[in-house]
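The following pair of complexes shares a single chain, subunit A, combined with subunit B in the former and subunit C in the latter.
This part shows the complex of A and B:
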C-alpha cells in the first residue's frame, strides 16, 4: 500500500499520521515531511502509527533524521504502533530514544 | 514440492514492492504465518536495498530473485554481480548505548529476522539464501535447508534505493 502522511500542527506539538508502508522509497518523502517542520518551534512530534503496516530500516533512519533536524529537545512519541513494526523498533534499540504509547483512549 | 517465482525489476524504485509481492505469493502458497511472512519480507527488502545502494552504488546491475518452498522451508534467494560481500561479516549489531546512529540496521534486521541464512560467492556472484520454517516443519531451528531448486531471474537495477551496509574491504 502506498505510503501517505497527514500533518497537523497545534501550538508546539506536531502530529503526523502515517498510513501504508514505509520502505526505502517512501522514506525520502517522509524525510521531506519532517524537514518542513524544522521552522516550527516544537517540543513534541507525535507519529500516529496505527495504520502503518510495514517499516524497514529506512523508516528507522527517518526517526534519526527527525532527531537530528528537530533537535534532541523535541520528544518523539509513537502512538499505536503495530506489533510487527514495534518489533523492528525494539530490536534495534530505538524504543529507548522515542516514547512508545498505546492508542489514545485504550 | 518446490515452486519458484520469476520477475523482472525495471527500476530500483520497484525493488521493495516487487519483492514484497514475491514474498506474499510464496508465503501464501506455503501457508507461512503472517508474522513469518513479514519477517521474510523485511529481511529480503533490507538485503536487496543494500545491494542496490552499496553493491551497485545506485548504478545499473543485475539482481536475481528466486523463491520457493519444500516440505519444511520457505526459501528466497538473491544473487547479484556486485563486489564480494558476505552480510554475516558486517558488524551489524546496533549500539546499545549512546544515541541511535543513522546506518547499520538493515543487515542486522535481515539476519535476525530469518530462521536461517546462508551466503556463498559462486561464479563471481553473491548469493544470499534466506529461509523460514514452515508451520509443522520437521527440522529444528538453525538447521540448513540443504539443496533446493532455484530459478534465476533477471532484473535491471538503475536507480538509488537507500539503506546501509557496505561492499569491499572498508567499513564506515
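This part shows the complex of A and C:
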C-alpha cells in the first residue's frame, strides 16, 4: 500500500499519522515531512504507527534522521508500533532514538 | 549566517543508458557498491579480466532483472566502475560476470557463464536462515547487496584497553545463546549476545573474541553423522564467503537485510559494558576450496592473483582446506588491509585474531618470508593502530612460529607453548616445572623485549578439548564427525583421571573438578593475556570430541540451565577473574626480572617446600612464586603455589615485611564453596609461617596490611 502521512501540530506537539509501507522510496518523502517540522518550536513528535504495515531499513533510518534533525530536546514517541517493526527497531539499536508506547500511551 | 549551502554536485546526472538503466562512468574508489546521490556506484577490479558485466537482481527472483556490460568509458586500468541510477538498494542484489580466459594451467579460471559475488559486498543475501541449503537451480546463491553504511553510534569509540589488562572470552555467536535454556528472545544471534552482556559483565571478562562472523555457508559440509544420518554443518565457519559481510543468519534482522546494523548495535552495547570485540578472521583460505570447489567470488574474478598456485595451476594447500590465499601478492595485501580497515573504522571492532596466521607470512610460492609485507602493513597501518593483532602463529603446512612470528612490536600470539606446558604440568607430567615457571611469567624466552601481552595464554580454545574434556578423556572421540575418528589432533596432553568419559565415580569427578580449577587458577594468575573458552566456566563438554567444527546441536551449544552447568565452577571463575582485576601485579606489561626495584621484595621470587628455595629438578612437581609490586601506597603481593604431585606438601611461606600478612584467596584442595574467597574478603591465615598444599592442588594467597583490630 502506498505510503501516506497526515501531520497535525498543536502547540509544541506534532503528530504524524503513518499509513502504508515505509520503504526506501517512501523514506525520502518522509524525511521531507520531518524537515518541514524543524521550523516549529517542538518538544514532542508523536508518530502514530498503527496503520503502518512495514518499515524497511531506510524507514528505520528516518527515526534517527528525525532525532538528529529535530534535536535532542524533542522527544520522539512511537504509538501503536506493530510487533515486527518494534522488534526490528529494538534489535538494531534504533530504539535509542525513540520512546515506544502502546496505543493507550500506558 | 551560520552555514554555507553547497552547490549541487555536478556528477550526479546520468550520461547514458544501458539495458534500460541510466548510468554514468563511476568512481573507481572506494571499491564495492556505494550509495551515492540518486544511485549506486559499483566498482570492481581484476588485473587479468578482459571484460565485466554487472548483473542486477530483484531480491527473491532467480534470474537477473538486467545485465549491464561496463563500457570502455567505465574502465580505469583493471578497475570497472559505473554509477547506476534509479535503483532501490533495499530490494537490489547484484553480482558480476567476468570475461577472461579459462586456462587453469596458466592459473586463469574465468567463466562468464557464472555470476560471482563482489568481494567487497557488505551484505550477502540468500542465506538469511541458518541451515537452509541454496536452491539447486539458483544460478547465483551468494548474492551481493548494498548496505546503508550510516549508523547512530552515539559517540561510541573503541575502548583501547591495555592489552595486558584483557581477559579474553572466546565464543561462537550461535552456540553461545542457541540452547533453549539461554532464555534469550532471539537465540543464536548478535541480538541474543546483547541479551547476555550482564552475564559477561558478571563473569568479569572484558573482551569477547567471536569465532568467524564473516558470511560463510554452514551447508558446505558434505559429511553426514554416522549414527543419525543427518547432514553435518560447517558450524564453526572457518570458510569465508564474504569478507566484508556479517553473517546474515547470525542476525535476527538478517531477513530484513539489517545484519550490519544488528552487528554494529552489538558492538556498541558491548563497548558500553566495557567489553571489547575481537574478531577471529580467516584470510588463509576461502570457501572456494580447490579446483573441485565452487566458484563464488575470487576464483572467478582473478584466480591467479588471489590464490597460491603450483607451477601447473593447481592450488597449494597450506591451510588444510583446499586452497591458500595469496596474501603477499600486492593486490591481495591491499584487499586484506581494506577489509580490516572496514571492520575497524566502520564497525568499531577492537582487534583481530588471525586464523593460521603463519600463512600470512608465506611468499607467493609458499616459502616463509623474513619480512612479510602483509604483516608489516597491518602492523603499521594508521587505521588499525589501536587494534589488537593476534596471530595463531602456525599453519597446516608445518610452519610453526610461536615466539618467532614477525611481530613488528605489534603482534601478539596464541601461545601454543603455554597451552601444552600448562596441560602437562597440571596432569602431573615430570620435568615440566621449570618450563611452567617460564610460561607463568609471560614466556620471556619467547617474548623477551616484546612484553607479556605478546603472549595470549590459554589452556583450551575452540580447537581441541573443552576444559572439562581435557580431564575426562585420554583420547579424542570424534566419530560423530563422520571421519572414523581420523580428524582432530592426537596430541592433547589430556588425562581422564582414571575413567574414560562420563562417570558417576565421586573420586574421579572430584579430581577432574580440581584439575580444571588448577588450570584456571594458573591461567588467571599468569603474566600475559588469559583467554577463556566459552563454556569452560560452567564445565561444558563435547563428549571427547576435540574437533567439533561440525557439531551443531543442543548437546554442543552452551547449556544455561542450572542442572546443565556447574554453578560452583562458575563462581570460582568469576572470583578468579575478579582477583586478577584487583591485582595489577598479575598483569604487568613488562616481564618480571626478579629484582626488587627499590621495594622490600623482588617483583618475582621462586619458592619451594622451603621459602626462597625452589626445586627446578626434573622430578619436582611444585611451583611456588611470589609476585610483588608497589601500587602507589599499596603493596600488591600474591603468592601462587601449584602442586601437581599426588601427595600433599607442607610449604614454608616467605616472611613478609610488617605489617603485611597472608590471606588465603583460593585453595583447590578445598571443596566448593570453600575453594575460593571473594577478592578483598579473603580469610587471614592462622599460621603465617607454614601452609599445607593438597595433592594436585593450587593455592593462591595475597598479602595485606593487617591492623591490630584484625588480630
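We adopt the following convention: the second predicted complex is superposed on the first by the 104 of 106 C-alpha atoms of A that agree within 3 Å, B and C clash if a C-alpha of one lies under 4 Å from a C-alpha of the other, contacts with A are read in each partner's own complex, and residues count from 1 in each chain.
Simple rule for what comes next: a contact is a pair of C-beta atoms (placed from the backbone, for glycine too) under 8 Å apart; a residue touches a chain by one contact, two chains touch by 3 or more.
Quick caveat, the model's predicted, so the values are computed rather than measured.
Overlay on subunit A: subunit B and subunit C clash in the combined arrangement. Comparing subunit C and subunit B on the residues of subunit A they touch gives the larger count to B.
Judged by the touch definition given at the top, the superposed model places A:43 against neither subunit B nor subunit C. In the superposition on chain A, contact of A:28 is made with subunit B only, not with subunit C. Within the superposed arrangement, the part of subunit C that overlaps subunit B, taken from 99-107, 117-125 or 225-233, is 117-125.
When both complexes are aligned on chain A by C-alpha atoms, subunit A residues 23-25, 56-58, 60-61, 64, 67, 88, 91-94, 97 touch subunit B in the first and subunit C in the second.
Against subunit B, the residues of subunit A that register as touching in their complex are 21, 23-25, 27-28, 54, 56-58, 60-61, 63-65, 67, 72, 84, 88, 91-94, 97. Of all the residues in subunit A, the ones that touch subunit C in their complex are 23-25, 56-58, 60-61, 64, 67-68, 87-88, 91-94, 96-97. Taken together, the subunit B residues at the contact with subunit A in this complex read 13, 16-17, 20, 35, 38-39, 41-42, 45-46, 49, 53, 94-96, 99-103, 105-106, 108-109, 112, 161-164. Those residues of subunit C that touch subunit A in the complex are listed here as 88-91, 148, 150, 152, 154, 186, 189, 191, 251-253, 256-258, 261-262, 264-265, 268-269.
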